[in-house]
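What follows is chain A paired twice: with chain B in the first complex and chain C in the second.
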Partner chain A sequence: MTLVLSQLFTGISIGAVLLLIALGLSLTFGQMNVINMAHGELIAAGAYTVYVLQKVLSGAGLSLLIALPVAFVVAGLLGVLIEVLLIRRLYARPLDTLLVTWGVSLILQQVFRDVFGAPNVQTRAPSALTGSIHVTDDLVISSSRVFILVLALVAVAALTAGLRTTPLGRRIRAVVQNRDLAAVSGLATGRVDRLTFFIGSGLAGIAGVALTLVGPIGPTMGTNLIVNAFLVVVVGGIGQLKGTVIVAFTLGIVQSMVEYTTTVSVASVIVFVVIVAFLQWRPQGLFTLRTRSLA
Partner chain B sequence: MTTLQDPVIAPDPTIQPATRRFGAGTGSRAVIGFGLAAVALFGLAPVVLGDFRLGLLAKYLCLAIVAVGIGLAWGRGGMLTLGQGVFFGLGGYAMAMHLKLTDAGPGQLPDFMQLYGQLDTLPWWWKPFASPAFALAATVLLPMLVALLLGLLIFRRRVRGAYFAILSQALCAALAIFLIGQQGTTGGTNGLTDIQGFFGYDLNDPLNRRTVYFVVAAALLAVLGIAWQLMRSRYGELLVAVRDGEERVRFLGYDPANVKLVAYVVAAGMAGLAGALFVPAVGIISPAMIGVVPSIEFVIGVAVGGRAGLVGPALGAIAVAWARTALSERLPSAWTYFEGLLFILPVVFLPGGLASLAVLLRRRTAKKEVAA
Partner chain C sequence: MFRIPGRRSAAIVAAVAAFATLTACGAKTTDSATTSGAGATIDTSGSSVKVGLLNSLSGTMAISEVTVRDSLKLAIDEINAAGGVLGKQIAPVSEDGGSDWPTFAEKAQKLISQDKVAAVFGCWTSASRKAVKPVFEKNKSLLFYPVQYEGLEQSPYIFYTGATTNQQIVPGLDYLKAQGKTSLYLVGSDYVFPRTANKIIKAYAEANGMKVLGEDYAPLGSTEFSTIVNKVKASGAAAVFNTLNGDSNVAFFKEYKSAGLTAASMPVVSVSIAEEEVKSIGTQYLAGQLTAWNYYQTTPGAANEKFVKAYKAKYGADKPTSDPMEAAYTSVYLWKAMVEKAGSFEVEKVKAASAAGGITYDAPEGKVTVDGATQHIFKTARIGKVGDDGLITEVWNSGEPIKPDPFLKGYPWATGLS
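Our next item is the complex of A and B:
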């Protein structure tokens, strides 16, 4: 029983990381139909922000707290830069954004390599997050994992509330649901796009801060993560936050369970087969907006 | 709600060639083109290039074969496949398994299996690859079969566009992780290396390596011929129609899923063939050549050369691979920046690729003539 619980928690914490990454994607890919392959490098930008801040500030705990808003802004501005320079020209060609942002990701990776060096860098976790929590005698979970889970849930709650209640959220939803109607109603859709992209990219920065607690920080740290995060958004349903949340945790748990019963290498194939099978049942993802479109 | 509909592709003249004018030319022009390509590949290159350069060219031509398939599936069919590495890898591994078994001799285990020492006998799924006929057929048919199964599941359920691209990429990641994990039977991260012979010919002999080059060049010409036939046929018109308006084609009574499936399966077969030829040409196949990164790099040459044409993808792939060799050895850092720009600039500013430059120039001179 303990074993199952501990695997369950591993799965949930994999899911929390996936969720943090996929949240930003569900805005840029889900709401704006932009496939941002440079999302992984925005994550790395957030992680390097922690590294730089720790060089400047001495306290690990303080620097992590300051890093959260700073990384949000750094990654967000980087994202807006990409949007303004490149993606804006490609809204009619969503597939091409994928190739272009892949190019951006290559360039950003090389920038990281040239500035911070190719090897992974280290950060110190704050002392409050280095320990672990003994739930029972056998069941031990690490505090940093709990912190990431809480961070992911807070981010989801903030994003949901923001989209539902704030004027900006209302505008974002309006542009997503009917861009032309929003435009003739007097919304500056271009500005809304940029703000959406800023928030989506900023969330990648937050994910990067969280990842410094559990893994190495390196130039290519994001590439390995976003393939699965994209799957989460696709399977959850485009533009559906609740779908993203459910699928992120389900995928995390399935992965940890399958990995435990088989091996990592077999699990990767099984998870893929499960996803293709799932799409047979729900080709548009778990939740879909009911529309009159033929897709 | 606009996001779930088909992307409305702007009528960009450089990206939507009239089939019979550009890319897949008319009969006589095509024959001349094939003739020139054959002269360049079989007459010029072997004379001008030394053994080492010719070997490199053989490798580039393998990548060009993959690119022709991507041009068909993506340029003509609108399916951005980021998973051609899967099919390239299946073809490559099928060929390499056979060659490893031949190198080891009858009844012996391949060297890496003895090295890792986990196995006493050959795994059952290795055994059929001892037969040259089975292995050769598998290099092309196995990728096509996988593409058929996956395509049936995906296209029938109308999963397309970005969803398709992401799924194909995820398959790539899954296969690479799977191969790395099975070190005892697939060679793991190292892959299948150190291939000595090719159907009885010693690959260390420079003369035999030249022969391999000729085989690859012949395969590229054959693949170009197949793609040309497909593009100029009624099927080719239908494929472009599905790319530009899938629902309209459905209402006209065709099943777009089948149309896309054919292009996807053919492209997979071409990638498999390329993988199979890559093994004797380069002497190695490993997960590093079939994962997410190499798979998306297959696409870049196609985008640079011109996705919708016939020769554009092939020439683009060769040019990009050549630039990689030339630049990455001397300036590894600069090459990465350059590669990033290669993804960005042509796609943003020249969606039709370099091939469309020729069309644009021709149009401009035609306009001038009219004005005069």
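Our next item is the complex of A and C:
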């Protein structure tokens, strides 16, 4: 029983990491239909922010806390820069966007290499997050994982509340549901796009901060992770926050349970097969957005 | 405004995902070795002779391989300052293997045919060595490989200056057996070294009444270890034998500590973690854990004091020295000894000089002798314990240099492995 519980928690924590990465994507890809291949590098930018802050400020705990808002802004601004310079001009050409952002991703990776050096770097975790919490005598959960889970849940709650209640959120939803109608109603859709992209990219930065607690920081750390995050968004249903959350946790739990009984590689294969089968059955994903838009 | 329907964008993403996965797995194939013929040409015109340094300076293995490159350069500088080899200065040409095996093969070919080097020093993972092995054999050029490995190999064009299994893994297992550990859990990166090493460990365990309770592999560079650690913990094994490589170790040991496992409750014996890795993983995660090597920074002796001092003077007082660095440093001196004995840089003459026997060097790890028959070297096995200061102190050694036995012919339990 303890084993099942601790494996369940492992699954949830894998899901939380996935969710943090996928949240940003669910905005830029899900809501705006932009396939941003450089999303992984925005994650790395967030992680390197922690690294830099830790060099400047000595306290590991303090630098992690300060890194959260700073990484959000750094990655967000980087995202806006990409949007203004490139993506904005390519909204009607999704495949070109894909190629262009892939190029951006390669350029950013090289920039990280030149600035921070090619070898991966590590940060020190604050002492409060290096230990573990004993739920029972046998059931031990890692406190950094709990931190990531809480961070992911807070991010989801903030994003949901933001989209539901704030004027900006209403504008974002309006543009997503019917861009033309939103435009003729007087909404500056371009500005809404930019803000959406800022928030989506900023969330990637937050994910980067969280990932420094799990493993090393490197120029290609994000690329290895965004594939699964894209899958989460697609399976959850394009433009559906609810779907993203459910699928991230389900995928995490399935992955950890299958991995426990088989091996890492077999688990990845099985998860992939399950996803392909699911998309055959429901190509539109778990949830679909119903609008009266003709597109 | 154009919008992609969900179905189509999903298809695009699936295609992209498949592509990215392929790239991430390093599944690309490159046809590298193109030239063939009799013997590599070595450029000995001029006052210097080139040698190649082939190490991963980027990617997941850079954590370990950059330090090997640094100590190779130290040895070359020392030799040059003392007058060079056969009156020629050594000019190193450094190439980045990028933690990617086909790249290693490409760069090896470049060093041999374009730079016309006399020998190449480098490679860390067995996957990279296996990738370059045909290149060196085809071009009849020399590789000096400085890292402990899984044995069961003997290329006529490779000199192995790191430990083979009977100089590292087998003594490590002997040590665990002597400590009364009767069950093991095997954790490793998913490539040739850990898989072969674990095959050997399982054969040893079966013959020595030890139980292997589980065996898990993570992709090289993987940072998700919570499930593997849960499995290790649930198995209740007496010890863990760790063959993870690169910075996966960082994630593994962080997870190991968070799961409440310690060196006291379930010790981990690592064969790819040396002083440099201890520093980057974090001493708090590793203190008390065991390692199996042939050299530590703390190994006594005048030769080591000189090496450590020279290394710190060149690269910084906070830089530790480690076994692969020492084996790399030693490999340059061994090459020099062979060339001087042969009186030539020519590969076949150098090989003949080594085969004739008697190539020795007072290395930091102690006196090493090249075994001309196997092109491996005699090494003393040393088990160490990671201290709170991040240095490793020896808790046991084999007393004398062990004769290399890459195919484990002297061990009855190992029949059938090679």
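Going forward, the second predicted complex is superposed on the first by the 290 of 295 C-alpha atoms of A that agree within 3 Å, B and C clash if a C-alpha of one lies under 4 Å from a C-alpha of the other, contacts with A are read in each partner's own complex, and residues count from 1 in each chain.
Here is the rule we use: a contact is a pair of C-beta atoms (placed from the backbone, for glycine too) under 8 Å apart; a residue touches a chain by one contact, two chains touch by 3 or more.
Here the structure is a predicted model, which is why all the values come from computation and not from measurement.
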Using the superposition on chain A described above, determine whether A:R194 touches chain B (first), chain C (second), both, or neither.
neither
So in the superposed three-chain picture, is A:L279 touching just chain B, just chain C, both, or none of them (first/second/both/neither)?
both
Tell me which partner A:Q110 touches in the superposition: chain B (first), chain C (second), both or neither.
first
First (chain B), second (chain C), both or neither touched by A:Q177
first
Touch check for A:V269: first (chain B), second (chain C), both, or neither?
first
Thinking of the overlay built on chain A, is A:N33 touched by chain B (first), by chain C (second), by both, or by neither?
both
If we overlay the two complexes on their shared chain A, which of chain B and chain C does A:L99 touch? Say first, second, both or neither.
first
First (chain B), second (chain C), both or neither touched by A:L90
first
Footprint intersection on chain A (chain B / chain C) at 29, 33, 35, 92, 94-95, 98, 113, 179-180, 223, 227, 230-231, 234, 238, 263-265, 276, 279, 283-284, 288, 295
Applying the document's contact rule, which stretches of chain B touch chain A when the two form their complex?
1-10, 78, 80, 82, 150, 153-154, 157-163, 165-167, 169-171, 173-175, 177-182, 247, 292-293, 296, 299-300, 303, 333, 336-337, 339-344, 347-348, 351
Provide the residue numbers of chain C that touch chain A in the complex, in ascending order.
1-7, 9-10, 12-14, 16-17, 20-21, 24, 57-60, 62-63, 66, 96, 190, 216-219, 221-224, 226-228, 230-231, 234, 247, 250-251, 254-255, 257-260, 280-282, 284
Which of the residues in chain A end up touching chain B in this complex?
29, 31, 33, 35, 86, 89-90, 92-96, 98-100, 102-107, 109-110, 113-114, 176-180, 223, 227-228, 230-231, 234, 238-239, 263-266, 268-269, 271-272, 275-276, 279-280, 283-284, 288-289, 291-295
Of chain A, residues touching chain C in the complex:
3, 6-7, 10, 13-14, 29, 33, 35, 37, 91-92, 94-95, 98, 113, 118-120, 122, 124-125, 130-132, 134, 140-145, 179-180, 183, 189, 214-216, 218-220, 223-224, 226-227, 230-231, 233-234, 237-238, 256, 259-260, 263-265, 276, 279, 283-285, 288, 295
